[in-house]
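Following are the structures in question.
Two complexes, one shared chain (subunit A), two partners (subunit B, subunit C).
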Partner chain A sequence: MPFNQKPQKFNAKINDVTIGSGDKTVTFGGDCTFPFYSFDAESENSPKIGVEISDMGLEGVSEGIKAYYEGATTMGEIAQKAAAMEGADFVALILEGGDPNGVNKSIDELIEVVKEVAAAVDCPLVVEGCKNVEKDAELLPKVAEALQGRNALILSEKEENYKAIGAAAGLAYNQIVGAESAVDINLAKQLNVVTTQLGVDAKKIVMNIGSAAAGYGYEYVVSTMDRIKGAALGQNDNMLQMPIITPVSAETWNVKEATASEKDMPEWGPQDERGIDMEVETAAADLAAGSDAVILRHPESVKTISKLIKALA
Partner chain B sequence: MLIDRIFNGNDAVYGLTVQAVDGAIAQHGADKAVGFPHTAYCLPCYYAVTGVKVKTLGEMKEALGVVKTLMTREQQLDDALMSGVATALCAEFIEALKYLDGAEPYSEPCYGHLADSIIREMGVPLVTGDIPGVAVILGSAPTAKEGVDLIKSYQAQGILVTLVGGIIDQAQELGLKMGYNVRIVPLGKEVTSVIHVVSVALRAALIFGNVTPGDAASLLTYTKDRVPAFVNAFKPVDDVILAAGAGAIKLGFPVITNEDENVEEVPGALIGCANVADFNKVSLEARNIKIKITKIDIPVAFASAFEGEIIRRKDMQVEFDGSRVDCAELVQTREMSEVEDHKITVVGPEVDEMEFGSKNSIAYVVEVAGKKMQPDFEPVIERKFHNYINCIEGVYHTGQRDMQRIRIGIEAFNAGFRIKHIGEVLYSQVKNEFDAVVDKCQVTIYTDPAECTRIRHEVAIPVFDKRDERLDSLTDESVDVYYSCILCQAFSPSHVCVVTPERLGLCGAVSWLDAKATNQLDPAGPCQVITKERPIDENLGSYEDVDEAVQKFSQGALEHVTLYSIMQDPMTSCGCFECICGIEPFSNGVVIANREYAGMTPLGMTFPEMASMTGGGVQTPGFMGHGKHFISSKKFMKAEGGIERIVWMPKELKETVAERLNKTAKELYGIDNFTDMVGDESIATDPEALVEFLTEKGHPALSMDPMM
Partner chain C sequence: MFKVTFAFENGSTVEAFANAGDNLLEVARGANVAIDAPCSGNGACGKCRVQLKGGELDSKKTLHISDEEYSAGWRLACMSKITADVEVLVPDIASAYKSRMKVADLSSKEEIAIFENAKHEVEAAGIELTNSLDVVEVHMEEPSLDDTMPDNERLTRALRKYMNLKRIRIPYSVLRKLPDVLRSSKFSVKCVIRTTPDDMFVYDIFDGKEDVIIGGLAVDIGTTTVSAVLINMETGEILAKSSSGNGQIRFGADVINRIIEAEKPGGKKKLQDAVIKETINPMIHEMCRSIHFSEQQIYRMCVASNTTMNHLFAGINADPLRMEPYIPAFFKTNSLFASDVGIEINPDAHIIMAPNIGSYVGGDITAGTLVSMIWNRPEFSLFIDLGTNGELVFGNSDFMMSCACSAGPAFEGGDISCGMRATDGAIEACTIDKETMEPTYKVVGDPGTKPVGLCGSGIIDVISELFMTGIINPKGKFVREGKRVRHDHYGMGSYVIAFEDEAGSVKDVEITEVDIDNFIRAKGAIFSAIRTMLNSLDFDVSMIDDVYVAGGIGSGINMANAVHIGMFPDIPLEKFHYIGNSSLTGAYLMLHSTPAEKKTYELASNMTYLELSTVPTYMDEFVGACFIPHTETSLFPSVLEEMQKR
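== the complex of A and B ==
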């Protein structure tokens, strides 16, 4: 019997959400098939890649990353190099120095960094908070204010602080709201519901459904993304049709495979390569499971994933 | 009368505005630019209401014609309120004229017009509730002190206070520190400057509510529902103020006044309040503003870290013990007028007056009122008391109802902890956690032994009895809706519990009342309403509504679920089940094993082995997870004949459920001491020996129709 292809047609699609302003914009989402199922329908919009830089500069980054940014001394210069990376679609600034349990930089100090980066590059911007819910509730509204007119993605509001961040980013300063939940379809949906109840337009929300490095409880991430895409397309659930962005590097560069030195683990091989491997493996799996965008750090990872997307999409 | 006064005030203001605009045109010409500084919304109020941007004096003149059309003169309340809106728009024109040629008409301490950036900044705390409300105080208080006290009372609650008129002089006279940073904003001394706060409310609707300018209906809905503002107007309230007040009322902002002459009250909108000291309370209630409690006023710490803390006898100052003396804990629903918020009363001796190491009586009654409060929530709130009191550093609590036991440690006592602080904790926790249903709360704590006896026997026990009766009388047939529960989907993605009065969640922790309360408290949360309007088969307990709900909440993994059958589309399980029931083919019955039971069952399977067939959201006909309480339910696998099918349970479980199970068996089949016919591990764990035992006892399952 000859093979008879039956395209799986959905009467629903993932929202397309554009970030950035002027002629430098990038759009997430928009597809009506499962990830890379280009045999079911033409892809509207392939997944996007962001390059992550930190307010901590090049402190603690791997050798390969350091080498790429050589010569860049200010945050502005670092941002420019990030934007110029081969395969990069946008720049993601993570304000990890704001964490009260870490360096605990002041909000004013961090806003200066945001302004410097914003002034240095005109590409689409994503700003990630410091992950502390109380600090982010104060910090991210200020970030949204500082980036007026840039149509930036603010990552992210959580269940505990969605009102402050959702209202500031989504209503007061017209940015795109990142909604972060902890690897659970119902929590993801609930956060989208309450955010839209605030008055934020559902078409201005991007989800971060939570992530993990491959091998670190990662199956939950796959099954959650899978179910979200299934509900969004198969059941036309418009509270789950927001595109998904996954910050990969913040997870993968902290696991032992990436942090153990070659001296300690000679049998594991060069440290930089292991970091790239973790980043690439995780990002590839995220994209295959349903992420519409990933955030990476290493230029090699960005190049590799960019190639993967071109080959599959 | 009231309506005529509003019309008069409106006419007066309109007349003045026409004069002022004509005068300005005569002086500057019709093309002269007009507008407020630092706003993208021109004349924001006029723009928000009509969708038209007024940019010149000539356009302002035309706009006055539009305003005139709002000034209808039917003797109807709504005509009066629209005239109020017209008055407000006129006030905006008059104020705008002050800003001609880049003038700065307002100086310290008055703000006048507020820039867009302030609204964007203020909008966020308004949305999060950090600014719970906006007070507009207008006129002069009877005395400066009363006025300033009122301002401070709002300030202490985090409410943004705007001031118009004589109150500004009064505040300055007493040296009150004012400014946006301390949330006290004097607008201006003329009554027309009140428009600057209206302008804030309307721009908030445009910015935060995505209201289209000119869509007056959406605009008014937004300000009414989302902008928690209210007006406090001091007497004398003249026609002009009354007309402006009518505008506020149209926006949904109630006006509270001490004016008692020539003013009729309009319920919920224009409210008389003779005593200025009561303005705060009356205003908050009228606008339904709830103040978040951020700090509990007690001398020791309060945190979940102390929840597991145990106070040993040697570390104990005093104790209260419901098993030895009369104690009780109780939540009671009251009318709004019967509860004074945050009133805490101790009746009887304080800890200081109790003997060291003594055993005492205690009874606390928490009275709550709220528009959405229902007596069904009382036990849900009460069950949290254990957790609340335990979270106090140096205090511990066990038990419930009239069997609670509390110990106050020596260190907590020395730190100043007293009985009244238990009241503070109960008050603030109930208000914080149940803010969706509790608007007001007061606590009375009895330590007087005679009073405790009275409360326990005359108040609490009758209430508990009534509640138990209500629970018993709640049947699947007597309610209109069931609830879904998907609390466990994080690890069991395709499982959905359907919770009914007679079938609680399989974890045993979510009853129908709990699910109902969860739904009310967290409407977007894990428990959603399932209607039961389209039954398919009442005996199986299958409904089209239920099927649709499980399809939706399992994201399509489940299509059909019955409530009462173990064989046909049985309800799925997450993995949290208290018990598992499995079909036992030799005896034609079922075996139940509870999680605590570690031994073998006549099915040749242990509990974990049965669990592997039952959990994970899969439907395995012949197996079903459930709560202990469900065993004695009349709906327990009703489709297959009900509890008569139970042939075996672990001894411990059998003893736990015996009383209720026997009662159900008697009611349904007239069988006495049914559990005597049910096997357990001391009788048999292999099917042949079990059948022998059942035959000897004449167990009804043996003669029933085969299950398969």
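== the complex of A and C ==
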């Protein structure tokens, strides 16, 4: 009996959300199939890759990343090199120096960095906060203000601070709102519901449903993403049809596989390679589970994942 | 040694002595001063407030006391150490009301009607309302020099004439009275007896001319509230009714904290004393005094309570209940007598217990199931008991399945800053105007009673109204501003239902975001348990024909509001029936009717127990249900419709 292919058709699709302005834009989402099921239907927008840079410059990054950015001294130059990376679709600036439990840079200081980066590159921009909910509630509205006109993605509002960040980014300054929840389909949906109730357009929300490095409780991430896609497409749940962005590097470059030096762990091989491996493995799994965009750091990782997307999409 | 004086708002005081460094809450517990401390003195709940009136205390400052309150002398007892002689005021706020005993006024026939109704329903199901207690009149020949038989043999022989039983037992308590009663009555007496097919037990003996009432006591021991009825065993008439806070509450609000407390040295005795000596015995005395009845004339007692409560009541180690594989010491037992546990009724009175089904589904549920009558109908019914533990039974005359979920004490007013039991001063119903955001409320008690706090039904109303008027969002966070919406300096929102000047206590009656959050978790636990249990049977909520809701959460729940907040499934409101405290009603039936008692044992052994913690999707259901009305709004179509109308 000949094989008779029956495409799995859904009467729903993931929202397409475009970030960036002018002729430099990228669009997340838009698909009506499970990830890479190109045999069911044509993919509208293949998954996108962002390159993460930090307001802390090149402090603490791995040797390989440092080597790529060699010669770049200002944040503007770093951003330009990131934007030029092979396979990169957008630049993601993380303001980790703002963390009150860390360097605790002032909001003005951080906004200067945001402005410098925005001036240096014209590619689509994602700005990530410092992860502290109180600080982000003050910082990210300022970021949204500073980036007016850039149609940037502000990562991210959480349940605790969605009112401040959602209203500033989604209503006042017309940016794209990133909605971050903690690896749970219900919590993700609840945040989308309350955000849209604020008046934010559901089509201007991108979810970060939470992540982990592969091997670190990662099964929950896969299952959550998978079920979100299932509900969005199968049940036409419009409160879960937002595309998903997953900041991978912030997780993977902090686990021991990436941080242990070669001197301490000679049997594990070169440190830089291990970091790349963690980043690539996690990102590949995120994409296969349902992420519409990933954020990476190492040029090797970006190149590899970009190749993977081209081959599968 | 320092002197610690506890003053109450009614002017009375209690004095105790303590060493430097002693914890004030511990001192209060030692002196039997009930300061409510649901968190067991961890500084987490902020309920054990006292006001410093004289002397000094070494108190840590906490989030629960604002700066103004601190300068007015308010302290948390659990965070205070004794450093000198001190006098503190124990306030009459909502939580203190919680432990206040109440003997119900039986003039309102509603209370009685619930019992009468239950009696008729079981009778209609073919269960006879008979028990083994009886009064018999016995006439004996007076002794003489020719007839020298001793008194006890004389009585035994006379009784044997009535009933040809091999063994007749006369306990010490009767023997002691025997010579006097026989002679004063001229050997014409009435005996209270219990007969079984092969023996007879004589509980008591009276002069034959006396009118003898056989008393019986049914008690529902809830984690938070204890209630009881004193009945006439022959007719089933309710003679008195009483309710009180469970004295164990100062050892923690939930069963787990109680078990942990009971594990400490001397803990089992402490907890048993708290529920028997401090709670049930005073209730018995109060009821007996109100109707001039002798405690000694209570010859049988029936207890319906959750598994932990009946273990602690019996003074039995409850520790295995909270640890895998969660095995109780007994499901049912008939080896308990009043004198064993110090219940101050007739010492030979038998204590029967509604049987447990599992470590978290106890006798309160089997007793309630008896009352709900779901075992006698072909339609599918759901029985829900809203207590500190929420328990569910689903089924019909062919099968029944039960499960328990931890709802916390919120339904009975615990874990809610202004929460209280449904007694005088409790707001039991409320509506809020959408435009002005002004509330209208109904208070338990005589007309004019000022509001002191919120009971379960009031909390449901307030949260539902806050949500339907758009004052809070589905997460329970305040999104509208107004005169009655406040934010503290940590940004936490609250809604004032009654300002201090309209309230009958020292502070505003309000509901905070933390309260709402606690309540959302409680209702989420109930709803997700319903869904999980039905899913496990491949049923959905549309297949439920009737829902019976029990629990002492107020005189009645506004079912529409309970659906609005997503506590109960969105099915037609006429399917919901509130059946009051079914645990107490069930205990009453088991006490009054031996066939009903047997039926309850049978129901318990036929019920399947579903352990929710082993169902992988339960957590998912729970998180989905922790939203008003639910993350999956399509489960609540009528709520959406209603919201659009408003």
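Here is the rule we go by: the second predicted complex is superposed on the first by the 313 of 313 C-alpha atoms of A that agree within 3 Å, B and C clash if a C-alpha of one lies under 4 Å from a C-alpha of the other, contacts with A are read in each partner's own complex, and residues count from 1 in each chain.
To be clear about the criterion, contacts are C-beta pairs under 8 Å (C-beta built on N, C-alpha and C of every residue); 3 or more make two chains touch, one makes a residue touch a chain.
Owing to the predicted nature of the structure, the values given are computational and were not obtained by experimental measurement.
Q: In the superposition on subunit A, see if there is space for subunit B and subunit C together, and answer fit or clash.
A: Pair status: clash.
Q: After superposition on the shared chain, which partner residues are touched by A:Glu145: those of subunit B (first), subunit C (second), both, or neither?
A: Touch status of A:Glu145: first partner only.
Q: Could you tell me if A:Phe10 is touching subunit B, subunit C, both of them or neither one (first, second, both, neither)?
A: A:Phe10 sits against neither subunit B nor subunit C.
Q: Name the contact category of A:Phe36: first (subunit B only), second (subunit C only), both, or neither.
A: neither
Q: Per the contact definition in the header, classify A:Leu171: touching subunit B only (first), subunit C only (second), both, or neither.
A: first
Q: Let me test your reading of the model: by the given contact rule, A:Gln197 touches which partner, first (subunit B), second (subunit C), both or neither?
A: In the superposed model, A:Gln197 contacts both subunit B and subunit C.
Q: Comparing subunit B against subunit C, which has contacts with more of the residues in subunit A?
A: Touching more of subunit A: B.
Q: Contact-wise, after the overlay, does A:Gly230 reach subunit B, subunit C, both or neither (first, second, both, neither)?
A: First partner only, subunit B.
Q: State whether A:Asp184 touches subunit B only (first), subunit C only (second), both chains, or neither.
A: Touch status of A:Asp184: both partners.
Q: Which holds for A:Phe90: it touches subunit B only (first), subunit C only (second), both, or neither?
A: Neither subunit B nor subunit C is touched by A:Phe90.
Q: In the superposed model, only one of 170-178, 260-268, 458-466 or 638-646 in subunit C has C-alpha atoms clashing with subunit B. Which one?
A: Only 458-466 shows clashing C-alpha atoms.
Q: In the superposed view, which residues of subunit A touch subunit B and also subunit C?
A: 163, 184-187, 190, 193-194, 197
Q: How about subunit A: which of its residues touch subunit C in the complex?
A: 159, 163, 184-187, 189-190, 193-194, 197
Q: Can you list the subunit C residues touching subunit A in their complex?
A: Listed in rising order, the residues of subunit C that touch subunit A are 473-475, 477, 479, 620, 623-624, 626-627, 631, 633.
Q: How about subunit A: which of its residues touch subunit B in the complex?
A: Result: residues 141, 145, 163-164, 166-168, 171-173, 183-187, 190, 193-194, 197-199, 201, 223, 227, 230-231, 234-235 of subunit A touch subunit B.
Q: Flag every residue of subunit B that touches subunit A in the complex, lowest number first.
A: Interface residues on subunit B, with respect to subunit A: 120-121, 123-125, 127-130, 207-210, 486, 489-490, 493, 524-526, 552, 555-556.
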